[in-house]
């Protein structure tokens, strides 16, 4: 798709992540180019979300190397990192503070980093994620699931990061709302030149959103394939093939198996 | 075909700050021993319909229908006690998440046995035999071991199979499955649905499958009702789903990404045309 | 009036102030639908008014003795009778409202924020911080409140200020427990994780994001505890370790009246009524607030 392979947005080398004594991710090597949209695919317990959390700094118990936009990442959350890389969570009901208005949620990152001109920036960002200004002073319980997810995306974009970690951003939403959010994410990526690392279990979403994907099973990457492999099921690993088959294959191509 | 379940003009309403709001607005259906799918997005009233059949709408919610007859029994005239005899024994319901539906402090075997003995008097040895047989039929290979496990010791897919075993062991005539697999992984999803499908066909039960997933319902049902905002906006045979004419149904179908996605943008429902949410 | 109401209930507020005022207004309306809560609120309003305007409400001085009018039963001149020194009991009860209100407010102001902060810190960080702080809390919790307060007063010396300090010291652990339990329920929530990813410091997260979510259950709990605090203060007064004579503290008044309880029942009974009514007022209001503020119980009544 014409991205520049020489610049690496996210690089994971020999990454192991543990929760307590159990290793949930083992020996993962992934390079995501700048501007690329890359998917981590697998079933629950495959460790795909854990990788995102390790990159974000929420799962500090890891070994190996993680670097984002050329800078190696430490084991804790740090402020500079926040301006380069942000994350959108799965559950739009759990990712917004229940007692804060949309305006307060979106102002928070600016306050933390001491940015000025907050009111204008918030208004601008609301427009960018397709939310009317009348939502600005509403509380989360006054918003629908899709609107909440738009707010969560807006919050992540407030610091103008270049890399976005997306943890199943649409799996809790209805299909028609999912379509809106996916369109929005695609548009934002195009407009702002973002790099996406997206976790999902939904293969058609990968086909729509991503350039490449890593298929994961039990904490390991079993295969890295281009999204076009979803068109004809040209996976090499047997697990990838079974996952593809369980997702229904490509019904539009039944005539030429 | 004589109808097993007939509903005419079912209405379910809940009170809000601005008066009563109907979440199911005059739904009618007639079901034989077949597999019916009810599809819709959240808030469409599909789950409430399923619950209303079992008269499980909790107060302050209210349900009423001109007619609601199951196998010659007027469901509305039944007392609460009468309904309890019917629930589980003749009409069963599988809920979305097994974690919330199984009692955490009872072993799996005890729970399934309880589902059986509340509706049928059997000697203890027969109960055990029936439970083992049932666990076998939901493809649990070592039922003796699984019987002594507690719900937190089993995986999501296994938990859902245990739920199915529990619901099917009294041999009901109608099974209502409300999003039975949306908490499960795709590979397990297919297994669980295949299993439900097989058991339904084998035992000649009727099935109402409630889901938001159009493709899934099309695959496992004979007939489909599409619900939106409490009303049935489309009904068709499952194989004709892709020829559906109603704009809402078409909109939903188009909004789902495909395996071979070439569209730059997914078509979006025009919510304003639907009263918007 | 109509426009103010629609401004408050506007679905799309135009400012933060309007949004939070609207939220408070909705809560107040919910509270007003609960008759017991309204009764509680009225009782407490009466207490406030009484305390504020005591000199104008009380017909006599609370301290002025009139040995000629000792132990008179309730009458038109003395609504609640007089005590053994001929002081008007009604006037003393009215002035006593000031003392009670002061105790309650000071204890709440000292104990609640302290407990809230300690509990939130323990719950948020977990690990050894949690073990240390909760160990300390448990030490305090394991001793009966009144006995512990007694010990403190005995060490600090009797008097109303020391009684307040003693009660505050004994009541924060309960709040710390609640705040910790509440914090644990959402410390792994995604909105906390998201805020951390924005680069916010732990202090900022605790103060701006964790504490606001604990306050509602804290307010409910403090309101419900008020009755207990009043009773503890009265208990200390009764034992002669709280307010010292001639201060018209309700517990101390009951203590004095004990001697005459069989023949002159009103001396001990009247301040007793005051304690019961105010305690009930706090309980009613606390129950009502719980229904409004606690989303888990919401919409039941």
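Labels A, B and C are assigned to the chains in the order they are written; within every chain, residues are numbered from 1.
Going forward, a residue touches a chain if its C-beta (ideal position, glycine included) is under 8 Å from a C-beta of that chain, and two chains touch if they have at least 3 such contacts.
Since we're looking at a predicted model, the values are computed, not measured.
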| item | value |
| --- | --- |
| Chain-contact steps, minimal, separating subunit C from subunit B | 2 |
| Chain at maximum distance from subunit B, centres defined as averaged CA atoms | C |
| Centroid spacing, where centroids are CA-atom means, of subunit B and subunit C in whole angstrom | 50 |
| Centroid distance [mean C-alpha coordinates] between subunit C and subunit A, Å | 48 |
| Subunit A and subunit B: spacing of chain centres that average the CA atoms, whole Å | 32 |
| Subunit C residues within the subunit A interface of the complex | 11-16, 18-20, 23, 189-191, 193-200, 204, 208-209, 212-213, 295 |
| Subunit B - residues contacting subunit A, complex | 41-42, 156, 185-190, 212-215, 251-252, 255-261, 263-269, 277 |
| Sites on subunit A touched by subunit B in the complex | 43-44, 144-145, 174-180, 182-183, 186, 201-205, 207-208, 230-231, 242-243, 246-253 |
| Contact footprint of subunit C on subunit A as seen in their complex | 56-58, 77-83, 86-87, 89-91, 94-99, 101, 103-104, 108-109, 112-113, 134-139, 142, 152, 155-156, 159 |
